[in-house]
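Here the chain labels run A, B, C, D, E and F in written order, and each chain numbers its own residues starting at 1.
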Amino acid sequence: MSLNSLANDPELQKFVAAKELENQLAAQVHHLTNICFDKCLESSGNVSELSSRHTTCLQNCVDRFLDCTMLITNRTIQRMQQGR
Amino acid sequence: SVQQQMAIQNAQEILQKLSDKCFKACIQKPGSTLSSSDQKCISQCSDRYMDAWNIVSRAYGERIKREQLRH
Amino acid sequence: SVQQQMAIQNAQEILQKLSDKCFKACIQKPGSTLSSSDQKCISQCSDRYMDAWNIVSRAYGERIKREQLRH
Amino acid sequence: MSLNSLANDPELQKFVAAKELENQLAAQVHHLTNICFDKCLESSGNVSELSSRHTTCLQNCVDRFLDCTMLITNRTIQRMQQGR
Amino acid sequence: MSLNSLANDPELQKFVAAKELENQLAAQVHHLTNICFDKCLESSGNVSELSSRHTTCLQNCVDRFLDCTMLITNRTIQRMQQGR
Amino acid sequence: SVQQQMAIQNAQEILQKLSDKCFKACIQKPGSTLSSSDQKCISQCSDRYMDAWNIVSRAYGERIKREQLRH
């Protein structure tokens, strides 16, 4: 199989796309953990066990961060369409 | 096209930075929804960041031109 | 395998972030050894970070599923 | 066209170099915006519109950051030449 | 020499592995300097020369950071083996 | 050569970190020029960072050697 025909192989392309998606999801989880750990745990110093309050805060943090991203994305698209 | 891909990547990078910055600045304790004051803060924060990006981009372009004239 | 390599890379990235975060949080003035209270602080910090990682990972997965149902 | 002759094609090389430069410039604008936004706007909390003072601060911030980089670069080259 | 046989050349593989290791070590030195500069010098403002106290702090910082990484790595492996 | 390219990349990365760190530490409100006290602060900051880099680099090398002997 030549390099060229390998690069155009639909099975391989699907495999690579799936791997890339997995990588992106993992990177996003790292990123969210990093941000939400600071928001929800940092201020409480040494924590010997996660309380239900911490857990709720972490879950809300993920959802609100994604809301925030969607809000900003929509707003930016609007701004671009208005050509500002 | 490569050009389009780069524009998309560029936009994604701005959006990522914006989300980080405005989430950190506007959301102290994440609750069960974004309140309307949260939303206002995020919108303002992201508008100002885009303004800043445009000003920085222009100032950087001008500096590069000045440096090229000097050499 | 590619799968294993990714799992390893993934683990390395968590470990790197963990070291940064817990070192900054637990070690104010680096001395000639890690005291037992330093070690306790680091262990707790890293356990809580892994707990947080698991909760975030689950919450993120659930959000993605909800978004997919909506569209 | 073989891979080898493609890699040596001067038109392609020019195109790739131009793209790389564009990428670097865009990365630098991201970086500068990130730094200068914090320097010039962060402390002023919620800002409903950029004032001329913010604008001047952002413009100065770009120029002073680049001055700073040039100062450090020259100094580091000197240090290296002195073999310290 | 074809691309394939080049990729399997043991000398080249050794060279690439050595370069990668060098890159990793350099990246780690950057990372450690960044962290330890903040830990040991930041609070002392403008420093016209490194004192022996700064030097000791920097050396300890490197060793304690690596201890910290080893502690966390071992702990994480344990946790994974316990399947938590 | 690859070696040279890596040395250049390495130097560029230090310079980037140095600029970030020393700009943040020395320039509170960016004005229309770098004052002489700004310049002094930046020079000192970058000299100390390079000193720190050398000490860290040596300490890290020694640690790696010690670890290799132990195994």
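Brief remarks follow.
Basically, contacts are C-beta pairs under 8 Å (C-beta built on N, C-alpha and C of every residue); 3 or more make two chains touch, one makes a residue touch a chain.
Since the model is a prediction, treat every value here as computed from it, not as a measurement.
Listing every chain that touches subunit A and subunit D alike gives B.
Relative to subunit E, the most remote chain by averaged C-alpha coordinates is B. Superposing the C-alpha atoms of subunit B onto subunit F requires a rotation of 120 degrees, rounded to the nearest 5.
Averaging Cα atoms per chain gives one point for each, and the point farthest from that of subunit C is the centre of D.
Computed from the mean C-alpha positions, the centre of subunit A lies at a distance of 18 Å from the centre of subunit B. Separation between the centroids of subunit A and subunit F, computed from CA atoms only, is 31 Å.
Subunit D and subunit E have Cα centroids separated by 26 Å. Chain contacts: subunit B has residues 14 touching two or more partner chains.
The set of subunit D residues touching two or more other chains comprises 3, 36, 40, 61, 63. Contact topology of the protein chains: cyclic, one closed ring where each chain has exactly two touching partners. Read around the assembly ring beginning with subunit A and moving next to subunit B, the chains appear as A, B, D, F, E, C.
By the touch criterion given at the top, residues 2, 6, 10, 13-14, 17, 21, 25, 41, 44-45, 48-49, 51-53, 55-57, 59-60, 63 of subunit C touch subunit A in their complex.
Put simply, subunit E touches subunit F in their complex at residues 19, 22-23, 25-26, 28-30, 32-34, 36-37, 40-42, 46-48, 50, 54-55, 58-59, 61-63, 66. Of all the residues in subunit B, the ones that touch subunit A in their complex are 11, 14-15, 18-20, 22-24, 26-27, 29-34, 38-39, 42-43, 46-47, 50.
Listed in rising order, the residues of subunit D touching subunit F in the complex are 35-36, 39-40, 57, 60-61, 63-65, 67-69, 71-73, 75-76, 79.
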